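Scroll down for the structure; my scribbles are underneath it.
Think of it as A, B, C, D, E and F in the order they're written, each chain with its own count starting at 1.
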Amino acid sequence: MGNRSTTPRRLHMPIVTVQQGPRDVELKRDLVARITDAFVDALNVPAESVQVWIQEVPTDSWAIGGVLTADRPKK
Amino acid sequence: MGNRSTTPRRLHMPIVTVQQGPRDVELKRDLVARITDAFVDALNVPAESVQVWIQEVPTDSWAIGGVLTADRPKK
Amino acid sequence: MGNRSTTPRRLHMPIVTVQQGPRDVELKRDLVARITDAFVDALNVPAESVQVWIQEVPTDSWAIGGVLTADRPKK
Amino acid sequence: MGNRSTTPRRLHMPIVTVQQGPRDVELKRDLVARITDAFVDALNVPAESVQVWIQEVPTDSWAIGGVLTADRPKK
Amino acid sequence: MGNRSTTPRRLHMPIVTVQQGPRDVELKRDLVARITDAFVDALNVPAESVQVWIQEVPTDSWAIGGVLTADRPKK
Amino acid sequence: MGNRSTTPRRLHMPIVTVQQGPRDVELKRDLVARITDAFVDALNVPAESVQVWIQEVPTDSWAIGGVLTADRPKK
């Protein structure tokens, strides 16, 4: 697939910010590798140009449907 | 790989925000599919729980090394 | 409800960033007023201390389930 | 009020990110409920489509007027 | 001033995101240079490690005190 | 330098968010003062209108080149 962006290719330095609940380091290690591969494969940029920042938000600071995740029944 | 997070699995709804220069829609279509797969494969969450938001920033609003990308020599 | 934060009250200046699709200005006018009221009512801060920033993301830059919103069937 | 957005209504899934100092969980519980109501009332979207993420920033990492909040006189 | 962070120095790659109203390119050119200098001078990192991303938000998408900036009297 | 923005000057209230590894408070104190000066000098806005928020991300939640910073050799 060609790279049709008008930005010079060497200036592609995507910044990825992930908001999610806390995860174990093994999972994060795997996740950031796979996200970076997604950019390399889709955009044809070097892996070193991709930065991934994970913002871990505790369950008492994150809500869906107006209810804190910490307050949701665990089923 | 097990899912060792203490967050109940059904509450994993990661939000991904990408900051990058403007790209063609075909590239973005491919990119968001691959990023979503990265979460499905690494965290074992359903694809529908993953949201990807791309913030396209024009080259005159984004700098590396103190120089706007728009001002960099195109080489 | 008391305000139990340890931050001095006059220093509460919450920044709210909303990521969503484009909306008409009337809807945004109503939305930012209501969001600000939410902070005034819940946290007992002055309205003038609350800033709301809406990042409008076009449907070809935002995906759920790995599919760009622009590509989803409109039903 | 009509919903004049061109985005299909079922695809409205606003993401709200709040940057503020640390707050007690009771305050956050109330806040996220009220913010979600703001979207339901202004945009006519289902509550379950709204996500709120609170980024709690300690007073030594947040500044107004060039002075860390932690360094401001408590009055 | 020494650099007391426990992060290896060569890995300091701060990402700066600015949310503000639209500005002319000359002002942004000057601004990103000065922000980058701030990091070089305060943290002793190379300029090339600093990225600045400006998110320009139009006045009808940004509110203080519950009022869109576009609706404020221009005085 | 003139201020050519079409936004009324008193409404310039830039929000700066920094993503970086953890730093000592002395470094952050110096950094936020210098960043704020950058805005005062480049945009001619009052210092009190500038807010800086530092998101400190631990080395096991931040990656370059697909590798967590925590996993990089310290050289």
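Convention: a residue touches a chain if its C-beta (ideal position, glycine included) is under 8 Å from a C-beta of that chain, and two chains touch if they have at least 3 such contacts.
If you're wondering where the values come from, they're calculated on a predicted model, not measured in any experiment.
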| item | value |
| --- | --- |
| Numbering shared by both copies at the subunit C-subunit B contact, with half separating same from different | different |
| Which listed pair, C-F, B-C or B-D, duplicates the contacts of A-D in over half of its pairs | B-C |
| CA centroid of subunit E to CA centroid of subunit F, Å | 6 |
| Computed distance of Cα centres, subunit F from subunit A, in Å | 21 |
| Contacts with two or more other chains, residues of subunit A listed in rising order | 13, 15, 17, 19, 35, 37, 51, 53, 55, 64 |
| Touching pairs - complete list by chain label | A-B, A-D, A-E, A-F, B-C, B-D, B-E, C-D, C-E, C-F, D-F, E-F |
| Complex interface listing, subunit C residues touching subunit D | 1, 3-8, 10-24, 26-27, 30-31, 34-35, 37-39, 41-43, 59, 64, 69, 72, 74-75 |
| Of all residues in subunit E, those that touch subunit C in their complex | 19, 55, 57, 60-68, 70-71 |
| Touch list for subunit D against partner subunit B, complex | 13, 15, 51, 53 |
| Complex contact set, residues of subunit D against subunit A | 17, 25, 28-29, 32-33, 35-37, 47-48, 50-56 |
